[in-house]
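Below are structures written as structure tokens.
Both of the next two complexes hold subunit A, though its partner changes from subunit B to subunit C.
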Partner chain A sequence: MRRLTFFHLLLLTPSQALATIMLAGPAVYVLWLSFTTSSYGLDPQFIGLANYVTVLTDGHFWTAAWNTFLIVNVVVYAELLLGFGMALLVASLKKGRMILFAVILVPYGISEVVGVLSWRFLADPNIGLVTHALGALGITFNWPRSVPNALTLICTISIWHQLPFTFVILYAAIISVPRELYEAARVDGATPLQAMWTITIPIIVPAATLAIVFRYIFAFRIFSEVWLVTKGGPVQLTEVLGTYLYRVGFSFADFGAAAATGWLMVIGSLLLTSMYLRSMYRKSFAND
Partner chain B sequence: MKLIKAAIAAMAAMSLASAALAQDGSINVLAHKVHQTAATGLTAGTTGGDVTADWQAANGRINWITADVGPLHDRLFREMTLATGNVDAAFFLSRFASPKIFDQLEPLDAYQTANPIEDFEGLSKGMLDGMTYNGHLYGIPFRHSTTAFVYNETLLKEAGYDGPPKTFAELVDMAKKLYHVGKNGQKVYGLSQVGDSPEFLLLLMLATGKPFLAPDYTLNANTPEFISALNTLKDLSDNGGLVDNYVSNNLDGLISDMQNGRAVMSISPFNREIVLNDKKLSLYPGSFHVMSVPPRADGSLPVQTEVWYLVIPKNAPHKELAWDLIRTLSAPDATVREALNGNGAVRPAAYEDPRIIAALPSAAEQARSVAAAQLALPGFDETTRAQAILSEESQSFLLGYQSAEDAAANIQKRIEPLLPKKQ
Partner chain C sequence: MTKPLQLATKAILIALIVVWSVFPVLYIVINSFKFQRDIFAFPPPVLFTPTLGNYFDLWNNYPDFFGFVGNSVFISICAMLLSVFAAACAGFVYSRYRGKALSATAFYLVAIRLLPPLVITIPLFPWVNQLGLADTHLILILLYATFWIPLNVLIMKEFIDQIPRDLDEASIMDGASEAQILRHIIAPLAVQGMVACAVFVFVFSWNEYVYAFIFTIQNAKTTPLVLSELMDSVTGTNYGVLFAAATIQLVPILIVVVLLQRFLVAGLTAGAVKG
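Up next is the complex of A and B:
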């Protein structure tokens, strides 16, 4: 491979500078803001780490952090399992594959707000169809008065909306597995389950890792499912980091603390995905 | 390649069109939809006509930017931090008033002196005082949102009642007794109220005779009266007197509950009955009536109000034009026409106008309530945080996580440090 020369670097500079300014500029500004006290009509005043202390000693932040951790792990792995199952099913079909593919993708094409509000209506404690259906099965579902019910609804909405993303990545990986491997396994007497365990799963692991990393990062920023359904209630016990940041920044107009929360979220999402990122890095640069 | 070129051309055309649209409006006004409706009368059921028509013919188009209460103020506050804003005039709710915000609004005294509003003294003095700070006036009242008692006469009669409750205590008792499960399996509750903000709890406190937060910022949270208000709220919630999803209920939910017969009564602002009686949306058109909130035992009315003001941001690009529009919208005849469009008139004399008396059966009740009304919460810098604390602790009690006494003590302890220091 040819080494990069000064001329190559010069040609790359404009695009790299633009990307750096567009991405790093706001991030650096927010970092600076997190060390200041700032609100409407007030010039920012430097206060060091006081915002981070305020946020880290706020019980609501830890409630939001725990809820975020819980929701992220539930939705990511539920989507992984459901997406894998659906991808296997669709890949195994001889007819109607494209129609089913399109049907599965529909939730992803619906506006997030429309989807969330539709689910809120369906799960209305008095008139919701879902509530009535669960009631017929003997399950009481009253999310305005029950934190576990509210978190279940939030996870369900998130999974419904984001599952197509994971499904598409896994489906593409599954259909790219060479058919000859399955034929060879069949000749060797392997059952379908054995073929899935020894051929399909090992080959799609890189794609699944990619799906997990992306979903972790996106799910960490969950906001509309919570804000439009519970607004973090009841008793602010369904708050997530996204709604906590919004409340601190835009309801209470404390921009410094909101900026500090934002950077804590960046650190948190990096920690959550570090294992997978490290694995991807090793595999990507294994021969270097 | 042809497709790409066509797409680029279409995008360019759209961006030019949107730029042209932005330049066409002569003045940008940030408002809630109800303000636009009140000023323009462009909704079915309104009879006051377009108050802004002549003004627009003379000065150019008004570009209405509408949003809900929270997003409206969020947008306004962010606009006010710019060197030059995009908002010429805005509607501003009294609960957000604070010294920090006054510093970013244009004082209106000089405009009033140079180009006065017709019959300025006819505007409610109490409302004008609400936006007077350090001797300067920062807002002109446009709309009051004063609590009233709305009830479904049909459902009350079906439940065996001759009429609405005569006292506040009777209202609470009636609400619980009205709960039942209808023939179609639908639960019918006594009251539907908005629960994602604490207005109803504040009213229950006011009904005890003491405000939650007095105008001089004395906080009455850790008091027997507030504990009693909390217990009343829980009693209503646990016994069908209040809709089951109260803690998450919003305005759309409240209107839907009433229109579909899931709740019989509500304490809501005057003129809400116009929406509830909508023939296209309500299952009970014509059944909803409104009156003053039933009185306390001593005959006094527990009435809360919030006031919307017209303000001009300090960085507004067209301040003179904005003031001229404010003059137009605040004139006596305009106030009457806006009331006919569903607005809460801020001139007491408006309720004596024959047109109002003919169109609004509740005119006399409105005048009576406006005279007795108190601000739900006086404005200060940390109002929003205080409301969040009040909601959180009261919900914690409602759901059984703590006692009323603990909730009251926590609210007192957490809100007191946020209040302005008394001088």
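Up next is the complex of A and C:
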């Protein structure tokens, strides 16, 4: 193996410098800020864990944490189920795959703002198409008035946006399954359902785990959908950790508490994903 | 299930998928060509008199909007170029060399991508203000370019891995320097990967809301931010203008995504499944 030269370091510099200055540096500084009290124009003063105590004893934080936990789980598993179903369907088609593929990818390229605009209009209490369709089924849907309805709308928008990601990963995994395995299963007299259960699912488990982990981490930081639909209201009942952090940091200018919230978010998402990864690994090793 | 029943079920499911994916977008575009009375009519008229009135309204009453679209174009293109350049350079080194220190820097890149973006805005906000970078195009360009660097580096490494090393070796024998190899051999052969990365950064920068919301006030505002402000100010009174503005924001990106989807898929699978 040839050795690294000055030229190679030069090639690595732009990416490493940008990542360090724009992401890592601020993240480390946030950790320090979370142990201090600070606001606009004030020098940070070290106060130990006081910010964490403030945040963890704030009822609104726990509402936000609970809502985030709820949204993350609903969104990730709904996407997994829908994405898997869609991937199976598209993979079973003989023609028109590419067109359907392009259609399915569309929401992934749309700005959150436009997605929210469209869904807010579709779910408008007076003139929304979805509202009327649900009304015809005897379901009243009024998201500005009802917290569960607002959370449902937020989850729907989020699923709509992110489903293509899970779909692409699962689809790539499904079409990588060798055809001969299905042939063999058919010869041995397995039903299509048995074939799916014993061949498709075990083979796509690593890809599905990856999709879940990525989506857990990304869903955890949900902000725009909530901010653009309800701004966390009414009375902060639809708040998530992202909007809570924004409110504390930028509306109340309490950078210390916001920084503490930020690190609690990081720890939370790491815990969720690491627990998930561990149980997944244990399961797949146990099967072997 | 019998064959015809199976086909019918499939057709219905496909129709559902198409409606779910495209209808919310199409609905905005269609409504942008409706008169106000048709937008609010229920049930919505299938046939209606189309009008460009909403676009003229937008042009006359919100002339600033088009300047902000210009901001978005400029910021997205700069972020795209910066990010692809940085990722291609690093991807080359990661593809051709191995080592403990090198893997550590790669791991570092990926690990920090897992930090929630809102978290880093807390310290960045006062720094950016002090440096006079608030509300400038530059800060958004740097943020957007950086945001995609970790994944783009992985994607570029995957693509460069597929270029045979023999080509490098042969060029070195011929006396080429590494800079020349990168410029004349790797870059042209890894163009598919660079397009994939470019599309990711462009789409992300064009659509991004949170950073624009926090770091811009007036000067460097981007289209999504302006749309969100319109959404809060004109709701109920003039949905038509809002739909026209949203259509202008989403149509270019729709074209990019549909035309370049095979690059997007190549990038997604290279970055996620293999990486």
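We take it that the second predicted complex is superposed on the first by the 252 of 288 C-alpha atoms of A that agree within 3 Å, B and C clash if a C-alpha of one lies under 4 Å from a C-alpha of the other, contacts with A are read in each partner's own complex, and residues count from 1 in each chain.
In this text, a residue touches a chain if its C-beta (ideal position, glycine included) is under 8 Å from a C-beta of that chain, and two chains touch if they have at least 3 such contacts.
These figures come from a predicted structure and were not determined experimentally.
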Just to be sure I read the superposition right, which of the two partners does A:Pro125 touch: subunit B = first, subunit C = second, or both, or neither? first
Output check: A:Phe250 vs subunit B and subunit C. Expected answer is one of first, second, both, neither. What do you get? both
One more residue to check, A:Val113. First (subunit B), second (subunit C), both or neither? second
Winner by number of subunit A residues touched, once subunit B and subunit C are compared: C
Applying the document's definition of touch, where does A:Val235 land relative to subunit B and subunit C: first, second, both, or neither? first
If we overlay the two complexes on their shared chain A, which of subunit B and subunit C does A:Arg145 touch? Say first, second, both or neither. first
Once the two structures are fitted together, what part of subunit A is touched by subunit B and by subunit C alike? 40, 127, 250
Flag every residue of subunit A that touches subunit B in the complex, lowest number first. 39-42, 124-127, 142-145, 229-231, 233-236, 247, 250-253
Report the residues of subunit B in contact with subunit A in the complex, numbered from low to high. 70, 74, 77-78, 80-81, 100-101, 103-104, 186-187, 196, 243-249, 262, 382, 384-385, 388, 391-392, 395-396, 398-399, 401
Name, in rising order, each residue of subunit C that touches subunit A in their complex. 10, 13-14, 17-18, 20-22, 24-25, 27-28, 31, 40, 42-44, 82, 85-87, 89-90, 92-93, 97-99, 102, 105, 108-109, 112-127, 142-143, 145-146, 149-150, 153, 178-179, 182, 203, 206-210, 214, 223-225, 227-228, 231, 239, 242, 246, 249-250, 253-254, 256-258, 261, 264-265, 268-269, 272-273
Spell out the part of subunit A that touches subunit C in their complex, as residue ranges. 1-2, 4-5, 7-8, 11-12, 14-16, 18-19, 22-24, 26-27, 29-30, 33, 40, 86, 89, 92-93, 100-122, 127, 129, 132, 160, 165, 168-169, 172-173, 207, 210-211, 214, 217, 220-221, 223-224, 228, 242, 245-246, 249-250, 255, 258-259, 262-263, 265-266, 269-270
